[in-house]
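Next come the structures, one after another.
You will see two complexes here that share chain A, one where it goes with chain B and one where it goes with chain C.
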Partner chain A sequence: MEQELLDLLVEHFQDRIAGSVKSDKRVEIFTSTSAIEDVLMYAKNVLGYIHLVHFSCVDWIEENEFELMYAIFSPKSKITIMSKVRVDRENPVAPNIDYIWRHANTFEREIREMFGIEFTGLIAEKEMILEDWIEMPPMRRDFDTAEYAKKTFFDRPGREDAQDVRETIIKRTGEELPEFSKKYSR
Partner chain B sequence: MSFFNIKGTVNPLTALAQFAKKPHTLRFPEVEVEAKDRYRGVHYNDLQACIGCGNCSTICMNEAIDMINIAGIDSSKGDTGLRPRVDNGRCCWCALCVEVCPTGSLSLTKDYIYVTEDADAFLWTPGVDNPEGVNLKSFVSSKEHSLNVYGRVPMKELVGMERVKSFAEVVLGYEEAEARLEASRCISCGICTEVCPEHMHIPEYINAIAAGKDEDALRIIYDNNPFPEMCGKVCTRRCEEVCAMTHRGVEDDPHDKGAIAIRWLKRYVTETAPTAERIKEIVNPEISESNGFKVSIIGAGPSGLTAGYYLALRGFDVTIYEALNKAGGMTMWGIPKYRFPMDSLDKQVEYMESIGVKIKYNTRVGVDIQFDDIYSNSDAVFLGIGYQKAWTLGIDGDDMPGVIAAVDYLREINGGGTLDVGNKVVVIGGGNVAIDGARVSARHGADVTILYRRRVQDMPADWEEIEGAEHEGITIVPQGIPVKFIAGDDGKVKYVRYLKAEMKVEKEGARPSPVAIEGSETDIEVTTVIGAIGQEADYSFIPESFKDKIEINRGRIITYEYNQTKDPKVFAGGDTVNKTADAISAIADGFQAVKGIVKMLLKEE
Partner chain C sequence: MVNDKESRKIVDIIQDFARKSSLFVLAYGTGCGAIEIPPTMTSRYDAERFGIRGAATPRQADVLLITGYLATKSLKRVIRAYEQMQNPKYIIGFGSCTINGGMYWDSYNTINRLDMYMPVDVYINGCMPRPEAVIAGFAKLQKLIQAGKADGWERYQNNLEFYRKNQKKIIHNWVMPDYNW
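Let's turn to the complex of A and B:
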């Protein structure tokens, strides 16, 4: 049944999508920002995939891309289609789909705030969870959470006795760590 | 709609029925509900299992975890003595600290209620402040779901019976991708550096390999070890024994227990520099201008060469006197070539000579040059003479033809000689030298039996050497005490007579010792007996008058800080000084002596 569904989608959209059967009741398809609306509309209105289960984002920093993942479900076939779309990390723009599922609006606000992806035509308040945020979107992988915590929050009194593990060992053994190698220390 | 709506008045009253029902809420704190499985409440740490590696503190994105000294926990080998303390006011309960804990000592509990008026009381040392947490553990780390990778990248080797056909190197080394993968398993705690006699900068060079910076890795290694290729192939690697990744074991790797393959990674890096010129190009050491001081070194073994290399870098005029025609000491003459090939060693010695270390080969001190001359013409002398002389077996008939010492045999073979041992060899002893002698004989086509007084698990040899010997078809006869060698008609040894032994604990707590079983005499037919029960130093080149000046006690030279002997001008290192008698300890001795000589002659730290 999964294969039939995939064949049906490929037949309809031709080279605009590619995909595979991932496992029982799970089909994965890859498409583009220009085709995703058509795919979701077709799946919802023609094939009966009426429920948007989840909509989220992955930062593929090594490939300089974000991946948007739309999980849609049909209560009849009980199959979940994982539709994936890559967007350029430098200029991340994707189409708004909240006219297909109203609740996509909330997902899109969150993804916009956490990853900095713009959804064309999205009407919603800019701020959702973060207040007066001036840093880069915090779910991007190049956001240094530890560094942010360090500069934003003060250390509670009583933490001054913290020790560095490597330094502790060096002090005990008398090892002389050359300066140029310190960038490789933990 | 009428003015008076009866429904609007009566319907709300139905809510009164709720008074008769049980409430949906709980009467906290009288009633408590146990949290669900895998709940992430406050931390608990098993203080005995924790080794203070600090991985939890490093991963914490909220900077909530400090490593601190706490009363009652002392540092030891393999344990930094530090323990984590959590600022629960900062913790976001992501549990990454638990996911990366290599020992599995850290967990999160079902305990989630903590009320205080003092916000600073949120600083908690798990395990110390909540010993009761041991029964409340809920989010625990499992090896399957940990973010650490426990198994090591396997090393490719020649198969057992293929090996005995030649002296080809048995271990094949990591490919680049394998090395990167293995290096990326390291959590960089540095616990390994403490047990390394030389305190090499292990986490730093492993991280450099993981980052793809092999040249930086080689530079870091050369900072305090001029013999990385040798250590990369034959080091006793005590570092791997205490590796944080070993604590939870790996089922199919009972010996290494999944320790980071520190030795193989070092080997990988050295193989990226295939020639002495390339080493020089990469390491590009800073060589100080000549300072006019002369240092003489006796013995071109690991300790002498190490001292020579670092002294030459500091501008000393270094001359090494070597009795034989090649440098390397026991690593040249003792270790068989299938473990440590000749070109690996030559490359390293050649590099040392290229930066100014002078080696006088075929110059035996006491014969070709007198010790007194060296002593009076030098500002400092380093003795790295090693243990060359084999102990005699002390058994009836041990002087008959066909009974030889393993070190002499290995020296002969490693020097390119041929010494026919025949087709039936018995090796006596259980150390690495014994196994080397056995495996070399096997490569010359002999049927080899190792006779050892104690059990196999008591053998001081490396487990991989023992296993290697077994794979190559060598028979190990444990609990066998040789008592007599019997000559054949030609006067050569023909039989070894031994007694079977049983292990008895003589004193409580002592290690069991072998006691011969009477009447259990067995004879094995042999063509050659190879003895390998230990070595000692040959001090005959040192004039009697001088021996008193540099205390020699029970065959060892006594040294003080910086490996200085009682005579301040004389330093010593290697097998004659340390008890561990391995190459890395010799390197450490040489390195210490350099510090001492620099301090003494250049009057600086």
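Let's turn to the complex of A and C:
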């Protein structure tokens, strides 16, 4: 059933989409910013994928791209299609889809605020969750929250004799401390 | 009775006794700690036997509880509420988030030290403090009030510049009134 759906989509959109069956009731498709509106419209109006379950963003900083993920669901077939779109990190612009699902507007506002992705023709207030924010969008991976907190808020010095739990564990077991956790060591 | 500046008049002692016996707490919760207030107020721990009860508006309240993490966005509202309260007024910092940031110490939108922005009279440690700890904190505040040492509101008036400077450091769009006490 999942394979049939995928074949149908690939037959209709030819080389504009690629995809695979992830697991039971899960289909993953990759498409582009120019094709995503067509894919969602087709899935909603023709195939009956009438529910936008979730719409979120992933920061692929190593590949210099953002990935937008649209999860749509059909109550008839009970399949969730995960449609994924990559946008450039330097100039992140994606199509606005709030005329297909009205509630996508809220997701788009959040993604615009937290990742700085512009949606063409999105009409909404600039501020949603944050207030008076002047820094880079905070959910981007190159935004260092610890650094920002150190710079903005006041640190209370801890106890002199405080022990680092990780160091005790290393001494006891000889375990290696992972590279990313070293900056949190005392 | 020695009548110098340090000693307290008998009327102060009577006033402070009355104040400590009826602490009206503003019904406002900032973080997850607000969930410990209903069990403190209801039948099992029954804080009203110590004279602690809720108040609906800032102008009726004596105590402002900062329950847990304080986002920079709600700091603005908390300052507004605190400045509307009548003197004498007291602040209780509740949970480890108000002391040093707690588990949100590296978050971009929660403050770390409450006492840099508002004058705190009593801190209650814990994540979360249980109702017993909350009541212990209130008992400590009552002791301080009786001894005439809960002077957070005086500190706020005297060091307003210091607090304003720290508040404006994170609230860029300052739309609140400036006071001249």
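Here is the rule we use: the second predicted complex is superposed on the first by the 155 of 186 C-alpha atoms of A that agree within 3 Å, B and C clash if a C-alpha of one lies under 4 Å from a C-alpha of the other, contacts with A are read in each partner's own complex, and residues count from 1 in each chain.
As a convention for this text, contacts are C-beta pairs under 8 Å (C-beta built on N, C-alpha and C of every residue); 3 or more make two chains touch, one makes a residue touch a chain.
These numbers come from a predicted model, not from an experiment.
Visitor: Of the two partner chains, chain B (first) and chain C (second), which one does A:D164 touch, if any: first, second, both, or neither?
Guide: first
Visitor: Contact-wise, after the overlay, does A:L177 reach chain B, chain C, both or neither (first, second, both, neither)?
Guide: A:L177: touches chain B, not chain C.
Visitor: More chain A residues touched by chain B or by chain C?
Guide: Tallying touched residues of chain A, the top partner is B.
Visitor: Now for A:A146: first (chain B), second (chain C), both, or neither, which partner does it touch?
Guide: Both partners, chain B and chain C.
Visitor: Tell me the contact category for A:L130 with respect to chain B and chain C: first, second, both or neither.
Guide: A:L130: touches chain C, not chain B.
Visitor: With the two structures laid over each other on chain A, which partner does A:N64 touch: chain B (first), chain C (second), both, or neither?
Guide: A:N64: touches no partner chain.
Visitor: Have a look at where A:P138 lands relative to chain B and chain C in the superposition and call it first, second, both or neither.
Guide: It touches chain C, and chain B stays clear.
Visitor: Tell me the contact category for A:S34 with respect to chain B and chain C: first, second, both or neither.
Guide: A:S34 contacts neither chain B nor chain C.
Visitor: Have a look at where A:R156 lands relative to chain B and chain C in the superposition and call it first, second, both or neither.
Guide: both
Visitor: Across the two complexes, what residues of chain A are contacted by chain B and by chain C?
Guide: 145-146, 149, 153, 155-156, 158
Visitor: Okay, in this complex, where on chain A does chain C touch?
Guide: Within the complex, chain A contacts chain C at residues 130-132, 134-135, 138, 143, 145-146, 148-149, 152-156, 158.
Visitor: Could you pull out which chain B residues touch chain A in their complex?
Guide: It is residues 52-54, 57-58, 60-63, 66-69, 75, 80-82, 85, 87, 89-90, 119-120, 122-123, 187-191, 193-194, 199, 201, 203-205, 207-208, 211, 216, 219-220, 223-224 of chain B that touch chain A.
Visitor: Of all residues in chain A, which touch chain B in the complex?
Guide: 145-146, 149-150, 153, 155-159, 161-166, 168-170, 172-178, 180-182, 184-186
Visitor: Where on chain C does chain A make contact in their complex?
Guide: Within the complex, chain C touches chain A at residues 72-73, 76, 99-101, 105-109, 111-113, 116, 166, 169-173.
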